[in-house]
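Order as written gives the chain letters A, B, C and D; numbering starts at 1 within each chain.
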Amino acid sequence: MEYVIEMLNIRKVFGNFVANDNITLQLKKGEIHALLGENGAGKSTLMNVLFGLYQPDGGEIRVKGKKVNIANPNVANDLGIGMVHQHFMLVDTFTVTENIILGSEPKKGGQIDIERAEKEVRELSERYGLAVDPKAKIADISVGMQQRVEILKTLYRGADILIFDEPTAVLTPQEIQELIQIMKALVREGKSIILITHKLKEIMEVCDRVTVIRRGKGIGTLNVSETNPNELAALMVGREVHFKTEKQPPKVGKPVLEIEDLVVKDSRGITAVDHLHLTVHAGEIVGIAGVDGNGQTELIEAITGLIKSESGSIRLNGKEIRNLTPRQITETGVGHIPQDRHKHGLVLDFPIGENMVLQTYYKEPYSKRGILNFKAIYDKARQLIQEFDVRTPDEYTKARALSGGNQQKAIIGREVDRDPDLLIAAQPTRGLDVGAIEFIHKRLIEQRDKGKAVLLVSFELDEIMNVSDRIAVIYEGKIVAIVDPKETTEQELGLLMAGSKRKEAGVSS
Amino acid sequence: KEEPKKEEGKASEFSVAMVTDVGGIDDKSFNQSAWEGLQKFGEENGLKKGKGGYDYLQSKGDADYATNLNKLVRNDFDLIYGIGFLMTDAITEIADQKPDNKFAIVDSVVEKPNVASITFKEHEGSFLVGVVAGLMTKTNKIGFVGGVEMPLIEKFESGFIAGVKAVNPNATVEVQYAGAFDKADKGKAIASSMYASGIDIIYHAAGGTGNGVFSEAIDLKKQDPNKEIWVIGVDRDQYEEGKVPGTDKSVTLTSMVKRVDVAVYDLATKTKNGNFPGGQAVEYGLKEDGVGIAPTSKNNVPEDVLKQVDEWKQKIINGEVKVPTTRAELK
Amino acid sequence: MNENRLTNILVPVFAVILGIIAGAIVMLVSGYDPIAGYSALLYGAFGDRYYIGETIRQVTPYILAGLAVAFAFRTGLFNIGVEGQLIVGWLAAVWVGVSFELPKVIHLPLAIVAAALAGALWGFIPGFLKARFRVHEVIVTIMMNYIALYVSNAVIRSVLSDQGFKSEKIHPSASLRSEFLQSLTDYSTLHYGIIISLIAAVVMWFLLEKTTTGYELRAVGFNQHASHYAGMNVNRNIILAMVISGAFAGIAGAMEGLGTFENVSVKAGFTGVGFDGIAVALLGGNNAFGIILAAILFGALKVGALEMPSAADVPTELVDIVIALIIFFVASSYLIRLVLTRFKKEGK
Amino acid sequence: MLHILEIIIPSAIFFAAPLIFTALGGVFSERSGVVNIGLEGLMVTGAFTGIVFNLTFADQFGEFTPWLAMLVAMVVASIFSLMHAVAAISLRADQVVSGVAINFLALGLSLFLVKMWYGKGQTDQVQVGFDKIDIPILSKIPILGPILFSNGYIPSYLAIVLAFVVWYVIYKTPFGLRLRAVGEHPMAADTMGINVAKMRYIAVMLSGALAGIGGSIYATIISRDFSHATISGQGFMALAAMIFGKWHPLGAMGAALFFGFAQSLSIVGQAIPFLKNVPTVYLLILPYALTILALTGFIGRADAPKALGTPYVKGKR
């Protein structure tokens, strides 16, 4: 049999919820096989079943033709199955080597033979072109590097079937390209790969075949060469999807956000934003393109008051807001869709309703003389849930219980509803499926058309190119170029982001 | 206000009970002693333990005193003891509320017509063990470990120092308070530092804290059997507490016994016979055999020293010597 | 939604039942008569008006200590320092009660306010250290307990002392005691504090659930980052939470100082009320109404236990075992929930 | 001055020893991600078991009694800690709450049994304790010998040795690596084939075992009997030592020694000339105040194991 893995009619039930409903997936030796589906379609669940983290409630798994019972990840390891998880499974305080050897440590006496381990890790990383420093602490290395550690973990255990669960969601374009090369190298070495991703372009680029699932059900398996992104998207969502969000030319008004000579240090005291200039006008979307770690996070946190900046000026509608408190800045008219929705965006243990007034609870009509008015709060919540299509049982449900996409919609609803003059959106679609992405893009453009200034930060070049009216490229804390999305290419942007080519910095805009 | 009717049919029996503080009836101290007196009284009068006979209630904290005393009132005991000065407030209050009941308090004075107060001249007993210490010390350095610094323990301290100075003006007495009656660890640490600094006899008036003093002395003695170090026990004969394992020796030089049992027994008998000394404060001293030194003292204290102790005892009983009860009087 | 709420109520109920059954088993195994034991307990807690009075008196500080623990819990903090805050509150209340002579309408509230302030101060320190230096409040509050104990003992000895180990009685104008309540309960130590503690429960509920301050406190308790993002002053809220929690604890101390004892004496060790407050808060689900019920239960158990040795020969410690097991079952509520869900499914 | 050190240091060490054992137990438990506020109760269990065993079997085992009592206390306390393990690991209980329950239960149960067996509130005093020794050779070193190696109890020295052993186990062995992984990121450990629940059970039981030793040596050396007041707060101090020591075995040992020193100073201080006039209360609160200051000053932020306090539920994110 040519299949190395066969998952036949797999069924997995959580309580009353059927996450996997008779899904079949067959993996050929030496292929890269994509697994595609909306958020919550059941992809991670299926792979967790294969990796032994969940036990299936029905169906069977064959490895190289032999029926197996994968009772736990140890069994999966023994069968040569390795998994790179959607959320990294790395111990931050450990070194690269310690993470890799965890669970199968080489020993000398009763002690871990750390030198041998480091040597093995170095050898392995050289063999597959996965450059890492075996002695570095995980907390100190980049996300891309961390992912290589994840891959090394599986290789160290001799896996020849690798599962990648949304590996590119957290990577920069450069890192994605590197990963693609790594995957190709792995396949050349005789490994087989299952790749979960929402990015159809990636599937088209590296995959041989693709299996699509929708709401827990298998839709079918196609050869990548015989399909196209539109078909895949339609299969996945169950309807037509528009990738290019339609939009009118911008009606640019007066400057809303004016940043001059801004200097911000990061938590370690290193200059992250370095004498930066940027202006965003009413009625336009300015996209900030850049490789992760070039000061985007610090820039946004400085504008919104989450961290203090060193010097320079930030004006909103002409009023200086630099180093005001977050509350003062919010009240001046800034809305912020934060990058990390769990950390900053929501109080997960509050009901959706109370989350909807997170910045406005102290104002009328939500409270009067210090006393909350729950009727007003939940009326507002119901309205926003309706308007922004937040899928939740009701407004009393805890935010924690919602899927990422719906949490994001709730946040966007809240921020937009406050009617801010400036809307900052940081990674607003990270990890979301195409349907949700489309919805969110429409909302951003709608805000622009209402005459708001929108500042969009994203690592997704597609998103930047698609949604922005102007693109500001950030590199090492400076805006190194301002380009028109209609006149640029991904290649040019990529070069700018890598700092290799400088255009006239956009002070003049 | 109406008093609950007393039950019928118990007329002939006389019942007594006591409330202990947190120490309980096995505290190797006054609670235990009081209970022994009560038991003796009960047995001699053919009473049963429990309601209608003789009984005790142990308190688990300050808040229980009043409740426990009240509980005994409600169980119709004829005479109710509160053991320890901590019970003072509770007895005072309840004596007012229940004027028809008879109460007694040990170690404190409550001036109410239905309360008999029992106190001891601890300073007199302490003086005698002070004499022993003063005569027996080799280093002329003596220690005193008190539980909590308060007037009652000051009586022990002052009497003891007076005793030492009376026979050995050159000896010094170092005084330390542990701040608690149930902190053996503090007792041990204090003892450890005292012995290390050359003190060879420690008198403790510290209840459970004193356990630590014994433990340190025993351990030192075990390590070096030739070491001349002693503990003076308090309240009861603490000879057993000082036993050094593997030997028949004890580090207990002598003990200052306080015969709470005698007093409790005495008062119960008087009350049964219709002579309840309500409103009076009875003080038990050397004369009344209410305090004294333990009979086991002869094991470790030579004959001649004991003879001198006896002489001093007579002087105190005669009134020739007046033992100070406070530091001020000591000076 | 409703089903969830039902489970939330059923869990503590089952925990209590299981705890009591386990206590009976312990008695059986140890050769005691569980029926006699529990009857004595019941009698000792509610047997007549005197016992009822004593039980309510015990419930009073339990409610307040429970509120103190719960308030901190709800705001994401674990206040093990209720014991120490209670001790300083007690001291402050008695100090005001002893040192001033004022009309009752001023004196009594003043003494209670002093207790609340003292407790609040004792809560402020760990709150401030957490806010300013991110020091773990659990250790600081543990340390503050000891400091409270020793400092208050020293103050009693040197400043308030009557005979060296306790203060004088407070003036009647600062007392919570009442002839009326005493005559009603045959001279129990019952005092008006129970009313204050019930009011405090309402205050806690209202403050947390109905006010913007409560909203902020809860938000900060759940997610400091999101609260900062939303413009709340995280540090201020951490401190405020500890201060309010400490104030509740301080008032609990006032109940002892102005009601039960009417003085304060040198303590050899902790009162235990503050630690029992943890149990009360947990059983009460950290909610004001639940705390009242839990305090009644624990108060009855504690007071009733005193009857067990004399009436049934059972050591009072049995009650501590029962309380411990109840907490244990509440903590392990997953088990109870699991059984409940099973049960419901089968019922359908 | 030297003489004062000869007084203070040995007593600092014997105060510290029970704390060291217990804090090391805490390190195991918390490194695996299980909060253990129940250390106090586990010490109570150890103290109770140690004393009862000693009283019952002193005649049979003579000089070995305290050692056997220590081992039995270790076993009993580790079995008792299973309750915390079951609640915290298998039943997903709030770990702080379950620890509080352990504390209440240990004290209630042991006093209940004391009353039942001995008919009174506290046990008799044990007759056979640990011996004080001067360590051969080392105690002869000038200056240091009398201060550090004389007049000590063997278990105290064992405690210090054990801290190094625990350090080795946690930082140098596969078991230690897995233990730390489970406490930092249990799901990562799970995907690496490590049985998270098993590791945590082992860790909690180790904490029970070590706290049991701590409790039993405390009772045997210091109080010599068991009562409600025998263990009163030492478990919490051990917990503080563990946190103060940043969840590191040697740190915990250092912190415990520091507490022991402060405690010892507060008692011996009254006998030191220049401290004599300081009111006792300042010396009494010194260890606690210093701990707070130390936490605020030098190590402001102690980073707890990341997964501390969260039950691990397979498949939950």
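Heads up, the rule we're going with is that a contact is a pair of C-beta atoms (placed from the backbone, for glycine too) under 8 Å apart; a residue touches a chain by one contact, two chains touch by 3 or more.
These numbers were taken from a predicted model, which means no experiment stands behind them.
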item: Busiest interface, counted in C-beta pairs; value: C-D
item: Of all other chains, the one whose Cα centre sits farthest from subunit C; value: A
item: Gap in Å, rounded to a whole number, between the CA centres of subunit C and subunit B; value: 36
item: Chain centre separation (subunit A, subunit B; CA means) in Å; value: 76
item: Inter-centroid spacing, subunit C versus subunit A (mean Cα positions, whole Å); value: 47
item: Overlap residues in subunit B, where contacts from two or more other chains coincide; value: 22, 58, 179, 182-183
item: Sites on subunit A at which at least two other chains make contact; value: none
item: For subunit C, residues that touch 2 or more chains besides their own; value: 150, 153, 269
item: Each pair of chains that touches, named by its two labels; value: A-C, A-D, B-C, B-D, C-D
item: Residue numbers on subunit C that touch subunit B, as the complex places them; value: 44, 50, 54, 58, 150, 153, 157, 163-166, 169, 182-183, 186-189, 256, 260-261, 263, 265-269, 271-272, 303, 306-307, 309-310, 316
item: Touching residues (chain side subunit D, partner subunit B) in the complex; value: 3, 6-8, 10-11, 14-15, 63, 118, 120-122, 125, 127-134, 151, 153, 218, 221-225, 227-230, 232, 263-264, 267-268, 270-271, 280, 284
item: Subunit C-touching residues of subunit B, taken from the complex the two chains share; value: 1, 4, 22, 50-51, 55, 57-58, 60-64, 66-68, 70-71, 74-75, 85-86, 89, 94, 97-98, 148-151, 154, 179-183
item: Residue ranges of subunit A in contact with subunit C within the complex; value: 304, 306, 325-331, 336, 338, 343-350, 354, 358-359, 361-362, 367, 370-372, 394, 396
item: Residue ranges of subunit C touching subunit A (in the complex, touch as defined); value: 1, 210-216, 218-219, 222-223, 225-233
